[in-house]
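Read through the structures below before going on.
Next come two complexes built around chain A: one with chain B, the other with chain C.
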Partner chain A sequence: MPNKTFFWFFLPTGLAMILFIGLPIISTGIQSFYAQHDQVVKEVKKCDPFGCTVSIVVDQEATSVLRDERPLGKFNGFGTYFDRNHLAIEQITEFWDETDTLGDFIDQVTNLPFYKALLFTLTYCLFVTPNVLLLGFIIALSLNAISRKIRGPLIFGTILPMIVTPLVGSLVLFWMIDAEGIIGANLQLMMEDPYLSLKSSRTLTWITIIIYGIWHHSPFAFVVFYAALQTVPQEPVEAAIIDGASRYQRIRHIVLPHIYPVVTFVALISLMDNFRVFEPIIGFSAEGSAQSLSWLIYDNLVNEEVILFGSAAATSMMTIIGIAILLAPVLIRTWKEFRTAR
Partner chain B sequence: MEYELDKRSNALKTFNTTFIIIWLLIACFPFIWTFWGSFKVRADFFSRADWWYAISAFNTLIETGGQFTSNAYSEAWTEGEFWKASRNTIIVTVFVVTISLFLGTLGAYALSRSTERYAFWILIAALIFRAMPHITLVSGYLFPFFELQIWGILPTTIVVLVAINQPFTLWLLYSFFKTVPKELDESALIDGCSYFQAFRYIIMPVMWPGVITAGLFSLMLAYNDFTVTALLLNQENHTMVPKIQSYLGTNQHEGNLMWAVSAVVSATAPLFMLVMFFQRQVISGLTTGAVKG
Partner chain C sequence: MKKILLTLLFILFGTTAYADGHCSKPSGSINILANDFPALRTFVETAKGCKGSADFKVTHSSEHNKIAVPALTANPSEFSARIAANSSIVPLMNQDLIRPMDDLVKKYGKGIQDSQLITIDGKVMAVAFMANTQHLYYREDVLKELGIPVPKTYEEVVAASEKIRASGKMQHPYAAAYKAGWNLAEEFVNMFIGHGGEFFKAGTAEPNINNAKGVATLNMLKKLASLSNPDYLTHDSEAIKVEWESGKVALMTLWASRSGTLLDDEGDAKITAATKLTGPATVGGGNIPAATLWWDGFTLAKNRSDSDAEASFIALAHAASNKKMVADAADQAVWLVEGFVPGPKSIGVIEAVKMGAKPYPMLPQMGLMHGALGSEIVEFLQGKESAEQALKDVEAAYISKAKEQGFL
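Moving on to the complex of A and B:
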């Protein structure tokens, strides 16, 4: 296809992506170097029969004039990145000097908002991704062994958790797991602990959200693995059976190597999706004990008084860097393949 | 993949069936339970006294005189203005699907027919864009949109959703277009068609399965989106998902939580029917990218 034709065909979609994905990333970058204005204060002298007092009040007018003039806020350089709500360099050095043991230090650091969120996000990725791969693979193997006639409805049932939006999926589970729901109430009865509830402990909340994540993402892994299983050639499998290979050996040495590229694909996609975990936290109303990077950004953006653009942007930039680190191995591999292919 | 040589022991068969049944219960029961509970009053579905009330409908009988009640639905749809939210969802979904298919097919066709090196880089860039968390993009939008005073209205959200959707649509349609033999449009070009004519009259008619799949995914994205719609639309223009969230936040009067329950059922039902109808396309869409590597 000639370049000119390509250009006209690609222009609309390219323009959409540049304007609404490329530019926003740049805009986020710029915003992250600015912080909202401080309120302008003025001294007001008040005199009454007992004498004069000077009090400091916020000059609303001057503040709003300043905000209108420079809506982006004041230039803050890397200030926002290093403040207490983000990388918290100062606090960390302080903790390092003050605490005696490494455990204490880690405890202190993971109480800072950004590191707390990072810890949750990484824990979530670390537990959800491998379990999703495993469960998805087992379901695919298992469904593949069931009679073809009834597979259709079974597949439909299996993919239900995936097609609802995460907010709805987590709500539906939350209403069951909560103390007043069917599972929560029965757990209380079984454990004979009337105060047992999701919100009572941080660990329980984390476990619930992780279980939700596995529930929500496994169907995706299942669908891809199931399709890949259909392409496994039959001859080597038959040969292996004749040679006396056990079921496990067949899966380990024939099926898995065949679908290996698909496994990396699913792992990558689900890692990317898990890294942006956010809606379940709202669905489970777990803001108190579980916060993710995406949730921090959301929280800054729905701030009641002033929207904290700068703070949200700084967290966004660091999230993007996180994604870049996750994607780097894949990109490097693709680049190498591309170069050898040429 | 039926192995004729492969004799399964009965124990293994039983284990397999049990596993599938348990998994299906885990996957489906929450939805069935929510559907059932949406026809009860709050004191039954969220019972402090006894969870069995949700089945025996103890309070529902007292409050309404029947085993089932559709009060939550009628209140949410009228008083809760869920009708407005579903109207907005329909508008957003229809426009997002149409526009992103239009842009996506053009772009993906060009990518699949180009032999230049930049086509490869564009696909990689699209992959990177696909990985961006939506909330980071939203934090980039908000400030400029406030300044341009285009925040809060449906058209802005539609355009944003179309753009966010493009990387995935491009990849999906690209792999579908690759399966259409090049000879088809080349012969049309030799016969004197322009590229656009070849695309419109030769390629599109054989591309319907791919277009339907891509359409379904755009539809699911637009229909399910929370991050973009919750932050870029004002209260008046909220679509279904942010509306459900707003029912959760306002717990002042009793009906609201049940509004959320009935709204969840109302929002999920059409999606389930659609997927039941188009199951084959959804699965082929999820696997094209993957199996071809």
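Moving on to the complex of A and C:
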């Protein structure tokens, strides 16, 4: 396609991307460098049905003057990024000096909210992504091998987890693993431990969410792999059969190299998706044991009665940077291959 | 027969006419945001009876806290009125989103008692209509059978629960809403106040919880948690209500406003009959209960036309001074409205007030403390860190947030 044609072809999408993705990111970025003005408070008398007390309120007149002067708030630079609820530079230096062993140091650091969330997010990505790829590929191969007659209904059944709304899917499982639920109660019986709870132990909660994640995301990988398998040319496969190649050898040396670009694509998309893990945490009410970066943003925006825009913006920016770092190796590799192909 | 019917109709008609007495037929548009529990539904329904020619809309949502600030910040705001409580009025005050209503009270608030008015700096910012608190519920049959007296302190609650567990009747005899987040933090607030704690150093926004009282609070919470269903960190008020109704719990700390649904005809009649209410417990030898008093009241949005505010006030004031409503729905809540005769279901709140329970602290920075508590004390309950470390974490998390919000 000549460059000029491409430009006009891409223009509408490009404009929409700038408007709906680019500008909000820039605005979030700017927001993350600001904090609220210093609150001006005054002592007043407050009366309610239970009596009167002298207490403090925010002085609205003084505050509105400040707000009108600088509506964005007080410039804070990287203050929010470096504070205890984010990168916690100060605290980490302190821990480094205070602790004797590396284990202690890691314990202390992962006790900080940002690193706690990062640890869960990365663990989730690390376990879910490869398993999704593997499981999706195995399902695609098996379905590709069975008779065409029953393939339709089976495909439908396989992509069901993706059709079910994530929140509903996780809620169903949540009720089942409750100590009074079918899985939870049976596990207690089997282990003969009435205090066993999948929800109260951190490790078990993590495992539950990861298994849920694999269950939910595999159909996507399956659909893409299944489509890719349809394009595998039959001649080399037949030639390989004649040469006496086993099924494994055929997959390893013919099918996989053929669908390799698709694998990269699925890996990229799942990595991005998994890094933003959020719904299962809400669905499983797992806030206590598992927090992700997206959940931190949500918490700052809605869980507090006071909305922390600066905090939420800073975490958003770091999530974007995190995704970029995670994707970098794959992107660089794709780019190199693209260059050599030319 | 016909005559009786006619007289009956007349009486019915008569009472409606009487109830309408306070209503001065507003016009304009009324849109209310409220939490979702039976008493509030009754209240809003009563207000609807006085909508006149106004367009009347209501949103009942348990997620009301998440909607309120953004919806009222818009100009004109989505809602003309918001039913708030001690804690949820604070963000509205902080952001200057609600209007004083002294003139409206003077003009239309005839039946409202002075004690219902929430005044801040001499201005009426809300009109309260019901009171709420968390108190103890117990199973009379279970306690009697094991010869346990009704507990008055949390130490007795622990002893009673241990006895019930030891008897083999129930594995997890105690329940409270310990869901990580707002609910868990609320339990901490109650217990901390019961120990005589103050959240902030006097006159400042500096946190003051990392001390002996804070440690005692956490230890008591942990003891109670060990006597609860192991999934306690995921259980909110609704979940423990279900546990109670399935007969697996004998002692419970729950909101007074939920007593109506516990004692209704639905569910096992035997459990319902044995469900008894008592005041909140004290803790650590203190004499004030480990509970906070709450009021629910209505506020008017600032960013909305004066005529809408007026219409909303007329309708809501009609409900907030409605003797018929409080008589009909006497068991739904402890109404602060004139003419309310407390029934057996209001025992918890009345006891709490008698015992000198403190109201939930209405401070501008309290929401940040509540938020920090909700996520940072979880690891202590899970046994992953010490009480001192957990309290240190709460203070550190609070300080960062308070700095960002300009309180420190």
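Keep in mind that, in the parts below, the second predicted complex is superposed on the first by the 272 of 342 C-alpha atoms of A that agree within 3 Å, B and C clash if a C-alpha of one lies under 4 Å from a C-alpha of the other, contacts with A are read in each partner's own complex, and residues count from 1 in each chain.
Here, contacts are C-beta pairs under 8 Å (C-beta built on N, C-alpha and C of every residue); 3 or more make two chains touch, one makes a residue touch a chain.
Being a predicted model, the structure only gives us computed values, none of them experimental.
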**OP:** For A:V58, decide between first (touching chain B), second (touching chain C), both and neither.
**Re:** second
Subject >> Residue contacts with chain A in the superposition, chain B compared against chain C >> reply: B
Original post:
Does the superposition put A:V44 against chain B (first), chain C (second), both, or neither?
Top reply: second
Original post:
When the two structures are overlaid on chain A, which partner does A:F10 contact: first (chain B), second (chain C), both, or neither?
Top reply: first
Original post:
Counting only touches as set out at the top, which of chain B and chain C does A:V302 meet: first, second, both, neither?
Top reply: both
Subject >> First (chain B), second (chain C), both or neither touched by A:F82 >> reply: neither
Subject >> Which of chain B and chain C A:I323 touches, first, second, both or neither >> reply: first
Original post:
Which holds for A:P71: it touches chain B only (first), chain C only (second), both, or neither?
Top reply: first
**OP:** Indicate the residue numbers of chain A shared between its chain B interface and its chain C interface, in ascending order.
**Re:** 178, 180, 285, 302, 307
Subject >> In the complex, chain A residues that touch chain C >> reply: 35-39, 41, 44-51, 55-58, 60, 63-64, 74, 76, 80, 83-85, 91, 111, 113, 174, 178-180, 184, 194-197, 199-202, 284-289, 291, 299, 302-308, 310-311
Subject >> chain B to chain A touching residues, read off their complex >> reply: 1, 3, 5-6, 8, 12-13, 16-17, 19-20, 23-24, 26-28, 30-31, 33-34, 37, 45-48, 50-51, 54, 102-104, 106-107, 109-111, 113-116, 119-120, 122, 124-144, 146-147, 159-160, 162-164, 166-167, 170, 195-196, 199, 220, 223-227, 231, 241, 244-245, 248, 260-261, 264, 267-268, 271-272, 275-276, 279, 282-283, 286-287, 289-291, 293
**OP:** Report the residues of chain C in contact with chain A in the complex, numbered from low to high.
**Re:** 65-66, 69-70, 86-88, 90-91, 93-94, 96, 115-122, 128, 131, 171, 179-182, 229-234, 243, 246, 248, 293, 295, 336, 353, 359, 362-364, 367-368, 370-371, 374-375, 378-379, 382, 384-385, 389, 393, 396-397, 399-401, 403-407
**OP:** Within their complex, state which residues of chain A touch chain B.
**Re:** 1, 3, 5-6, 9-10, 12-14, 16-17, 19-28, 31, 71-72, 138-139, 142-146, 152, 154-161, 163-168, 171-173, 175-176, 178, 180-182, 185-186, 215, 219-220, 223-224, 226-232, 234, 237-238, 241-242, 247, 261-262, 265-266, 272, 275-276, 278-279, 282, 285, 293-294, 297-298, 300-302, 307, 309, 312-313, 316-317, 319-320, 323, 326-327, 331, 334, 338
